[in-house]
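Remarks on the structure that follows.
Chains here go by letter, A, B, C, D and E, matching the order in which they are written, and residues are numbered from 1 within each.
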Amino acid sequence: AKNTDPVRVGLVSSKSGVFAQQGEEVIRAVQFAIEEANARGGIDGRKVEVSEADDEGTPDAGRRAAEKLARDGYNLLIGPIPSSISLALAPNLERWDAAYFVVASKSDKITGDTCKPRAFRTNHSDAMDIAMIGEWAKNFKEKTYASIAADYVWGHDSSESFAKAVKAQGKEVKIQLYAPMGTKDFSPYIAQLKDAGVDAIWVAEIGRDAIAFVKQAQEFGLVPKTRLIGHALIQNFMVAATENALEGTQGTTAYTPDIDTPRNKAFVAAWQSKFSRLPTDNEAQAYNGAQVMFEGVRKAGSAKPADVAAALKGASIDTIYGTVTMRAADNQLVLPNFVARVKPMDGTLRPVIEQTFAPNLTPAPSALCKM
Amino acid sequence: MSIQRMSLNTLAALVIGAVIALTVSSGTVLSLLTQAIIYAVFAIGVGLLLRQNGMVSFGHALYFGAAGYGIGIILQLGLMPAELAIVVTLAAIAIVGLLFGLVIVRVPGIAFGMLTLAIGQMFFLTASRARGLTGGADGMSIDWPSTLFGISQSVLLRPANLFMLCWIVLVGIILLLALLLRSRFGSITEAVRDNEERARFIGISTLLPRAAVYALSALVTGVGGVLSALNTGFISPESLHWSLSGMTLMMVVVGGYKALWGPALGAVVYFLFKDILGDYADHWMAIFGIALITVIVFSPTGIAGALQKLRFRHQATPAKAAVSSH
Amino acid sequence: MNNYVLQAEDVAIHYGGVKAVDGVSLTLEKGQIRGLIGPNGAGKSTVIDAITGRRRLTRGKVMLGTEDVSALGVVDRRMRGLSRSFQRTSVFGQMSVRKQVELASHKMGVSDSAADADAVLEELDLRPLANVIAEDLGYGEQRRLDLALALVGHPSVLLLDEPMAGLSVQESHDLAHHLTALTSRRDVSVLLVEHDMDVVFGISDVVTVFELGRVIASGAPSDVRADPRVREAYLGSAA
Amino acid sequence: MTALLKVDRINAFYGAAHILHNLSLEVRAGERVALIGRNGVGKTTVVNTLLGLARLGEGQIRFRDSEIRKPRPYLAAQHSIVVVPQGRRIIANLTVEENLVLGAATGRKGPWTVPEIYKLFPILQERAHTPGTALSGGQQQMLAVGRALMANPSLILLDEPTEGLAPVIVDQLATIFNRVADQGTALLLIEQNMSLVVRVAHRYLAMAKGAVVASGEVNNSRDGLKDLEAHIMV
Amino acid sequence: MLTINLFNGLVYGTLLIVMCSGLALIYGLRRVVNFAHGSLYMLGAYIGYSVAAHADFWVALFVAPAVMAAIGVVLDRYGFRLLQDRDPLTVVLVTFGLLLVIEDFVQTVWGKSNLSLATPDALNFAVNLFGTQVPAYRIGVIVVGAAVALGLSLWLRFSRYGLFVRAASTDPTTTSMQGVNTDALSAGVVGLGTALAGLAGVVSAPFMSLSPSMSADVIIDSFVVVVIGGLGSLAGAFIAAMVLGMVQAVGAVYLPDASVLLPFVLMVAILIWRPAGFAGSRT
């Protein structure tokens, strides 16, 4: 007889804390994916059940929430935003008999030294973004640049990769600034950026800091005079929170609804009919992660984490990004990557893809990953 | 409390732990309890400082996180075996605690709390911005060896075993502290807490006892940090953040710090309550906040205080009543 | 040579512009009680603070026996036998009476600190209150406890800042008796600041009078009592 | 004439400790009453109960015509009854002069003003702009009395005002208290110094164990003094 | 360059003044270290946001502090007053609980997304200040901060109620014994302090974004200020706020690597040098 155990999803994300807004998007999209799957009769006849928990945006609470879900049988985990939580979960998956699908954390360590057979990343890694910067920078027109980045690993990596990429084009980076996370008042940085008198500014800031920076840059007349180039800057929520300050800004993007694949078209249509708006980048990535998870269940013919993990290793999967591979060496989904620009489109201001970089730009798996 | 009573209580506590470990089969419950016990150790550290020095620390997460970072870094660099790493890390915490203590205990009242908060935040920010080994804001995993103190990791990490280990540590710490506070050291620190100036005038130099209590509380907190590192295998700057200290302080006050074991009780209540909330409510913050306010308003001496009052109600009228009628 | 147990030489303490104590010299012989009187604000408490090390000296030096203790802290001076009580009661609020008195005795290195504590409690009639937490004591009881903390541990010099204040007449007399007994029995020297003239003139061997941070008179009680300057500045109708 | 202060069988508590037991007393306008008793009988507690600093159990408190069900510290002053508290309680971060001005918080007009107080205690004028707590104990006591007078009260409760004061100052205060009383202000003097009581009070109430156990006229003679002292040696 | 940095320091410093004078006043009178002060600031900002959305920024500038004042009075009457005899630590934790409740409330009413309030048109232009362009709005912030500082100082120093407040912040019982209704006084002062938190919220909204986590950002800086200044001392807090504002603005430029630690280094250094803070010379 066919085994039709339900698929039990442990949805852990931020309902409170600094990442509550992104958490809300992730939760909405995963629930959407689950409803959609159940409406189609489940996954190969398996009903999908979900249990939710709040990770409060911290590794400790996240780990606690995930452990509880996993031990209660909701052991296909998905949802945390910051890399710290993903890194805190990964080492425990065997102990909890769980598998984990990363949909938002970008740290290279997740597929590097902390890589685990049961942890899969379905979104872009930092390394993938950075690899793209080199290619993308070839098209930059401006002569002088500055950068402002969040003062932690990601910001430094971003800023340095950018500097390397533009210097390789024989251009100049005049100053590289790092603002502490949680900076409220960017005026000292904006003053320096204005003073530097550059043609364009690379911005690698996240969340509230990014919003504050953009708003204050506009207040001081830094934008629109000087062009901003964004690393993970032109996300939907950013555009919404900064009124029109980001209009015309170019930057990396993980997803926009314009991606031309059959599954994406179907997804966007279904989403629009339910929510009467387009999905955001965070929502689409979370949806994508859930799809990968379901695909694993389908391929394994089982909802057991160990089976799902085994089935996904090296698998080729049809996603909203087209048919892509779950790389066996580090469990990284090898995705295309995008550069977009914020434009008015069908009455709303949103990122629109300008340039697509093929999956083969993805750097080779880290040597630190030993599974 | 007499020594006999103490050993009896200790024995009873150990038996209760064993019964829990043997009878509770749910991994969820055991791991929740383990978590609670780890924070109970942390809370006892914070409570000790409050009880014995009258000082409120908003920065003890520093020592909790430092334990994880210390061990994590040592293991990552392969400097020494894990067992030694634990000892060295704890010794370092005690020494650093003493040195910090010598400088900061002179600051009075709530300013002391803010000072500890500032020091803790400095370490938090430094850890967040670090790159390389510790992984900065992303945190680092702790590579425990496959056997620790001769026990294989998979055995050690089994929920019932880990729970029992943490329980024994907790009971051991409470016992040791109780013994220590019965000694002269206990009276001296109490005297200094009550009236520092007068203490000097009866010949007590007050700086060292205060710093010693601070160091001791840092050490106890560090032990909690080691257990946490073992349980989670991961450390990140959030473990140094003041909000963690604040949360622990909450456990201390809810549990009641006049009794040594009060903070531990507070930790357990905190985790159980939070767990229930997590299941049923999207508004856990508000519910939690209201519950916190309610407990504090209606039970000023914490749960431990309320329990003790209940017990004393049966016993004879307090000594004062008997005296004032002379 | 002299046999002073305590010698303050040209001691001065200034608070900004206020010269609270301005060049005072004082001595205490073994077993002597020196009364110290003077109008309010004359600097009596400040002199005690200076001798015990609570306030840094602006000028002058303090000798305990033959040792210059001017640079030592409060604790070191106490360990050398210099003990005091406070004008404003200062006890350990959360500790029981016996526990704190015993601790004080122990700190001074008394081998049988329990017995020492009990003896002092007995003398001050605090025995029945031995197990009461200090906070729950009445004001007068707390004053006696303050005194007990100063008396234990066999100090050689006692500086008492208005020990009788807040005591009833009976209690004051008892305490006065106790002090005289103490000086003869234990060879303790006492510097007694007090406004109760009956007590001061009754038990002091010598009396010193302060005004505006300086000594205006010093000598045998009867001489001081007769001094017209003292009468005018201080004694009034109590003379 | 109605009583300025009437306390009828009150019971008072600190926490669970029952301190006052059915204590009654009454002060009428212009009276000079002494409340005496040995340490710890509850004299200060009487004051504290009137101010709401000790918990009032059964019993009734009246300030003039109004019954005070829930005593608060400011109610007494608002009914023209002020306290010179034991321990003085000078406010540390205010200057001497500001402490005096604070005493006039109720805004009642009368003979006492800052210059008048300075005439009474010249030392306070010399120190007018130093912090109140930089004064010596005795100077602080003068300030506390001055502050109370600033309210131009009809009744002053003096809680051991001569504690720690030099005899000359005690003399001075006795004169001042008499002067104040002569101007019509009633006094309730809590004292252990019976020579002051004899000089100031006309009537005494002796307390023991939280209740008034004896009362009578003050006899201004050596025997009177002995009588009174007997009350506090119980 | 230095001009603009000093200007930026001045803006943040004056904002901190508005924020911290409330914190210092409440501490002074109630001995409450109010962890919820940041949340009250947030609530003020959100209320301002809603009022501005329905009416106008200028209306919000007055309405939000007024609403907050009412909240403050209630908070004092049914919170701090009932807890006045309690161990200060328990009151701290009560405000901690309050913080959670307010945060949940804000999330529920206004959602988890970041919101932003537009700069009022009347001040949405740039001004040339010693050769650098600065936003007029920020000059407005400085004016508000300076007005608050000056107004409070004069009030405390010279008015009758100012005297009562100063007295009550040292010894509420004795002050009350002089006939000052300290219950009403405290309610008024807590109301004022809360209104100032709300004012800081509204004023900062146009250049900082609104989010349910914004309270955490400011509360630590505010604590640093009031502690450095000497708890409960308004003058100390004013000085400390300006120092901190300057240190942050200038530090971000000249000591970028250490800038984030500077406020804490400052606090540790000052407390070790002078345990009671700037204003704590006499205790």
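Annotations
As a convention for this text, a contact is a pair of C-beta atoms (placed from the backbone, for glycine too) under 8 Å apart; a residue touches a chain by one contact, two chains touch by 3 or more.
Owing to the predicted nature of the structure, the values given are computational and were not obtained by experimental measurement.
Shared contact partners of subunit A and subunit C, listed by label, are B. Ranked by separation of Cα centres from subunit D, the top chain is A.
Note: centroid distance subunit D to subunit E, computed from Cα atoms, is 42 Å.
Centre-to-centre separation of subunit A and subunit B, using mean CA positions: 37 Å.
Note: centroid distance subunit C to subunit E, computed from Cα atoms, is 49 Å.
Contact of a single residue of subunit E with at least two other chains is seen at positions 103-104, 107, 260.
In subunit D, the residues touching two or more other chains are 17. The set of subunit B residues that touch two or more partner chains comprises 125, 129, 285, 320. Against subunit E, the residues of subunit B that register as touching in their complex are 50, 56, 103-104, 106-111, 113-115, 117-119, 121-122, 125-126, 129, 242-243, 246, 249-250, 253, 283, 285-286, 288-293, 296-297, 300.
Taken together, the subunit E residues at the contact with subunit D in this complex read 163-164, 166-167, 169-171, 173-183, 282. Interface residues of subunit B, counted against subunit A in their complex, comprise 26-28, 31-32, 35, 125, 128-129, 131, 135-141, 157, 232-234, 236-239, 241, 244, 275, 278, 282, 284-285.
Contact residues of subunit D toward subunit E in the complex are 51, 53, 72-74, 76-78, 82-83, 85, 89, 91-94, 98, 101-103, 105-106, 131, 133, 147, 151. Those residues of subunit C that touch subunit D in the shared complex are 15, 18, 37-42, 45, 87-88, 136, 138-141, 162, 165-171, 195, 197, 233-238.
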